Amino acid sequence: MSNLSITQQPEILPQLRRESIRRIVEQGQRADGRAHLEFRNIDIIVNPVKTADGSAIVKLGNTVVIAGVKTSIGVPYPDTPDEGALIVNLETPPLASPEIEPGPPDENAIEIARVVDRTIRHSGFIDFKSLCIVPGKYAYILWVDIYVLNHDGNVIDAACMAAVSALSATKLPKAIIEQDQAKLIRDEKIELKVDKSKLPLTITFIKVCNSLLVDPTLEEENVSDAKITIGVSEGKIVSIQKTTGAFDRDDIVSIISKSVELYSKLRDVVLSKISSESYSYIRI
Amino acid sequence: MIAQQSEDLRRIVRELAREGKRFDGRAPDQHRPVRLEVGVLSNADGSALVAYGDTVVVAAVYGPREVHPRHLALPDRAILRVRYHMAPFSTPDERKRPEPTRREIEISKVIREALEPVVLLEQFPRTSIDVFIEVLQADGSTRVASITAASLALADAGVPMRDLVVGVSVGKIENLIIVDLNRVEDGYGDGDMPIAFMCRRGLITLLQADGQWSPDEVRQAIDMAYRAAGDIYRQMRDVLKGKYIESVRALSQ
Amino acid sequence: MSNLSITQQPEILPQLRRESIRRIVEQGQRADGRAHLEFRNIDIIVNPVKTADGSAIVKLGNTVVIAGVKTSIGVPYPDTPDEGALIVNLETPPLASPEIEPGPPDENAIEIARVVDRTIRHSGFIDFKSLCIVPGKYAYILWVDIYVLNHDGNVIDAACMAAVSALSATKLPKAIIEQDQAKLIRDEKIELKVDKSKLPLTITFIKVCNSLLVDPTLEEENVSDAKITIGVSEGKIVSIQKTTGAFDRDDIVSIISKSVELYSKLRDVVLSKISSESYSYIRI
Amino acid sequence: MIAQQSEDLRRIVRELAREGKRFDGRAPDQHRPVRLEVGVLSNADGSALVAYGDTVVVAAVYGPREVHPRHLALPDRAILRVRYHMAPFSTPDERKRPEPTRREIEISKVIREALEPVVLLEQFPRTSIDVFIEVLQADGSTRVASITAASLALADAGVPMRDLVVGVSVGKIENLIIVDLNRVEDGYGDGDMPIAFMCRRGLITLLQADGQWSPDEVRQAIDMAYRAAGDIYRQMRDVLKGKYIESVRALSQ
Amino acid sequence: MIAQQSEDLRRIVRELAREGKRFDGRAPDQHRPVRLEVGVLSNADGSALVAYGDTVVVAAVYGPREVHPRHLALPDRAILRVRYHMAPFSTPDERKRPEPTRREIEISKVIREALEPVVLLEQFPRTSIDVFIEVLQADGSTRVASITAASLALADAGVPMRDLVVGVSVGKIENLIIVDLNRVEDGYGDGDMPIAFMCRRGLITLLQADGQWSPDEVRQAIDMAYRAAGDIYRQMRDVLKGKYIESVRALSQ
Amino acid sequence: MSNLSITQQPEILPQLRRESIRRIVEQGQRADGRAHLEFRNIDIIVNPVKTADGSAIVKLGNTVVIAGVKTSIGVPYPDTPDEGALIVNLETPPLASPEIEPGPPDENAIEIARVVDRTIRHSGFIDFKSLCIVPGKYAYILWVDIYVLNHDGNVIDAACMAAVSALSATKLPKAIIEQDQAKLIRDEKIELKVDKSKLPLTITFIKVCNSLLVDPTLEEENVSDAKITIGVSEGKIVSIQKTTGAFDRDDIVSIISKSVELYSKLRDVVLSKISSESYSYIRI
């Protein structure tokens, strides 16, 4: 693979549909009836996957993602000998959309995984020191694998929600040291320490005809003039990723303050969904 | 893992088998509860979720559609493209690396060859019909559950078929033939035989085996699998009839 | 690479030739004069390759394969700490056929290697415990590399024959422990323990116009309605791999019993070829 | 590296920040000396070398030219192809492996998206405009220096643009907002925010952040970056005016 | 492997060389027995097996045939595609990994460039002539044996050529120039020079060297190689004349 | 990747330009006014890259390459337990020429890197034993990465010059042993031992209309009938690599003696450039 980033073929959307979506936005509404700053319906299934150490399925309208956490033991990085590691991977398997061919993660998947990673990492949500087993020698590695099952826009916010929901529900296999070797006892589990008050979430805005919209559908993404994702944790901005288009300074200032406002509501929704301790199984 | 523990488990599983019993209490010819859902993914032309006990797979079908790159197209019929893939969190113990393994490549091939005899490919020359399967949770028998899911997703997509293909595994532990292996039985047994049937016609479109089998045991295994497949087939028809009588016209030919 | 299995472009065989081959089969014969259940001429050259620890060239009619065994030292798998390992790899380099482009093994090559591996593994032919050097720490790894030099059908049976012939003739380099490290002394050799009574072999059947044929040529494979491979060892079925088409239950029952019958004859042929201890060199 | 040493360095950098000072003596809003050269590579249609202090990048532009493979071409405009790559010897400590990392793939994407709003792609349908960037020496802020270099190389190639894009990074250490981070400040600071501006129009075409920022700090950071970008923009105009007035006709539209 | 053993072997090989002798008893200018066979693979358009002592290679030629993908085709001549590959069991000691190494990639290139001057590519525009070489057993001089095998396979395929190319290696141990190195001489010598000749015309189409050579030694080496090549060339003609007079018409032009 | 070497599409050079270049050569001259055996202007910047342990930029006319040396610690090869290692890598990133697409090194880049490697290795320029840290356990690995920034012909001679110039200026980070582990202290540097009297250089000749030319431009390479590179060190031939075309014996004899003559002059030029100890920075 060569890291050559190429202007992407836009999905073919009939000109009429395109204009209709934009016109509705100009009239202060959206094609699916939502307000500009309203998220789609959110459904979260916590720990549906028995083979994972933690997992979640998130449905954001018709966008469906599943995240699973697996644990392994590694050597801490030299500059943080008393911390464990987080590795976030996102794949868009070809079942998610007619546009996707099978293959290793492309630049879009890599970007989303890296933004989700940064958002979680800088929020203080995970206590990385609690993942240390033997300083400088052994630490937990948390592998968060996110799979997109149906892509109807705003995968990044759904992916971040799924990752933090899965981590919230993660139980680590106990680590023991035998003959100077660390091993995991997968039958004995200890809870992963997370600080739910710092629950990190991303909020994605698009700009359409000078209006700002959150949680865009795929159609809305395709007619948007610009797109940006803000990672928020407890009122702090923990990541920003502008993708397409351009924004002026005032747009950004407005987006930042809107994202902090929306965050509180969104966090409450997510926390209420993930704290319901009912039996769960894989359903889509 | 702890070698001693798994050794204990192996002993128990095998002792039970000598008494004609199974670790999870099932009768030898009893398959696990089956859960079948169709139309679960809105983007796909057809989709299905299939659970055999704790094994859960989801399948999506796209097509018939244009082939890329074009030189792969066939002038007289559609090509089938099949991908079987296990999510990294779908296996117990270690995370599975997401890159396709040799095992996944082989299974993608045999699933394709299990479906090709039923899909009316000749009706859609120069196109591709794509079947994408993701194993979300693996507790044995993933490839046969995948075939069942692929079948349902194809029917859900309205792709004309000669029959529904149903997958079932059979295994052998200490001379006991059992149906629908879970992971423990697969790991500690003496043989594994995944089978797929075109149920109405009684044809076999997938057959693999490892372990050691006498010719007579092979016969018993096939017959036991066929009975379980018939049971699952009836549930599939119910699920499809409910909503999809129209699109599965091929079934009633 | 993506694990996408795609319907294969059939080799172009003129319609007349196609019909002719099938008609001859319907008449109870075969294009090359063989009976339906008759193998082509088998030639086996044992240990032609001096650089290998064991090797064989198998010619099955015009199909030619070469197998070489190389030994290395590895760490036993945790669940079998007292056993060594077998790794079977098959490649079809582009010299084997006009249809093959250079590249890593495709799904056909991978499938054959895996079926040969399972056939050998489940037969009891190799005493895996005899490959242990220090339990839990060091064991022999047997690398069996099979190269197809000329592809005229039924590569799998030829490949399996070549692999077991090469293993039958394999001499392991002696392993020593020096400063807690295992090393191989390639000048001192010990015989690999194999149980020739359990010699595993595959027998491939195709179905053409409701007849069952063994050891198909490439042309016959291309006109067949279905294909299946049965691995046999000492009267036991140790592997099955249906590839193309469909079989009914009675076909399978018949194939299984035929494969057990044919196995005895085939094993005798192979054993007689590989036990002739004459000087051998690489010839095709 | 020696953990103790880097711990000491971190402490010093952060203590200085609490006093409003920087390790290399700069004022918080002071960018490093900038070196800009254009036309440095004879084969490219346009090229530039940009140094922000000890960060040195070179960019080359080829095109508009034919697209290979053709199916990537767009009927109504040019495609932009961007590659950001770090030479193996450009980083301190360990050799960087030459294969593209996930970080480089992401940065190639955001640089492309930082340039697309200014290049008049619609003037060259069915063609490709290629921007290749090589980081030769990295001392922080490589992606924003790369954007500045790409901008200059595009202008040097005579590619029509709406504006020049200028990249600047801002960072935060112990509540001190600073501009144009070097590697030490990037490594031991509390936040990093690379930004790119279309300078005449004041539009933002790249904006990323990590660390923790209050909304007010984000505002401060953007404004501080904009002032530094303006300064660099004037130097870019000087460099381009000197030799290339003709080819940058788009600038004076 | 055992460091002491190979050290002993090295000493012996080098001591013998100082007395003008070789480890396997050959005279310095004596090549190993050569075995040449053509038409060994029934699928290929032409094929050959070549043994230089215990070095055994097999080559197959396909073509002239259509080029895939088409954009690689040249309007005025055929392209040559060459692959040199070593089987994993062809080397002593460790198994060689089957993936192409940098060494194999380089050798594929120099073999192609050794053959291009003799093949009448201009007679077959827009086609490809493919030469695939597999080293089955390696005891030194594999690339030159491969060139000889490729030459024979091309002639066997009836591909028109200006001449036959013959490969021979020369080496140097303790100032002794020797021809047709085996693995021990290659490993413990002071220089290695693989050469290929268009034998009738006396032109050199492959020449590589490592080690240290005086200009005079280079001259000696080339001349020694040329004599050995002439000898092998006569054997090649015999093998081809026996069965292929018809198809090697180009030889008698 | 498959190691398939394919006849390369020649760069399109107008027929008139082609003939003109060849005619000028026949008249004993060259398109750029040089004599047949004259190199283009050589400029060498030594140690411009602060992040490298040694570096050089070489400009050979319009051909520009940059080489950087980085050091790491590895385990010595079993057959040379008391020596360090040299690894040469060359890349032609797409900025170097309109003909180059991004991707891993192709056969041309691999060939050049390997010839430069052999030329340095066999010259005795580097004392590999001085790179040993603990015999059989730890040794320095010298990574020489060469990047072509502008390709106007004869990359190989420029690459070799850049590599030896960078190595001449290399300072190794000090190695220490801590708890039986070797580590590099990158702040403390020791000079790499090189023998400048043995400075290895390659000299590339092309044959055009029976004339021999050195240091070809890209245009000259494209109209040449044959090409060969000779590696020289202190009057000895240390590598040869014929690439395109064919040479007769007398050509080779003549090329060898010319290369030895030219070497002395070229070495003096290079040594004088690299011994000027002025402050240097990256410029092209």
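Labels A, B, C, D, E and F are assigned to the chains in the order they are written; within every chain, residues are numbered from 1.
Throughout what follows, contacts are C-beta pairs under 8 Å (C-beta built on N, C-alpha and C of every residue); 3 or more make two chains touch, one makes a residue touch a chain.
Quick caveat, the model's predicted, so the values are computed rather than measured.
Chemist: Where the contacts of chain B and chain D overlap, which chains show up?
Modeler: A
Chemist: So, comparing C-alpha centroids, which chain is the farthest one from chain E?
Modeler: It is A.
Chemist: Taking each chain's centre as the mean of its CA atoms, how far is chain C from chain E in angstrom?
Modeler: So the centroids are 31 Å from each other.
Chemist: Quick check: how many Å separate the C-alpha centres of chain E and chain F?
Modeler: So the centroids are 27 Å from each other.
Chemist: Centre to centre, by mean C-alpha position, how many angstrom separate chain B and chain E?
Modeler: 51
Chemist: Could you grab the centroid distance between chain B and chain F? Build each centroid from C-alpha atoms only and quote it in angstrom.
Modeler: 57
Chemist: If a residue has to touch 2 or more other chains to count, which residues of chain E qualify?
Modeler: Chain E, residues with two or more chain partners: 1, 83, 85.
Chemist: Tell me, which residues of chain F touch at least two other chains?
Modeler: 2-4, 101-102, 104
Chemist: Can you name the residues of chain D that touch chain A in the complex?
Modeler: Result: residues 1, 3, 6, 72, 74, 78-85, 100-106, 108-113, 116-117, 121, 191, 193, 198, 202-215, 218-219, 222-223, 226 of chain D touch chain A.
Chemist: Taking the touch rule as given, give the residues of chain D at its contact with chain F in the complex, in rising order.
Modeler: Those in contact with chain F are residues 1-2, 5, 37, 40-44, 47, 49, 51, 54, 56, 58-60, 62, 65, 68, 83, 85, 87-95, 98-99, 130, 132-134, 136-139.
Chemist: In the complex formed with chain B, which residues of chain A make contact?
Modeler: 49-52, 55, 62, 64, 66, 68-70, 72, 89, 91, 93-98, 101-102, 104, 143, 145, 147, 149-152, 183, 185-187, 282-284
Chemist: Quick check on the complex: what are the chain C residues that touch chain B?
Modeler: 1-7, 9, 78-79, 81, 107-108, 110-111, 113-114, 118, 121-123, 228, 233, 235-249, 251-253, 256-257, 260
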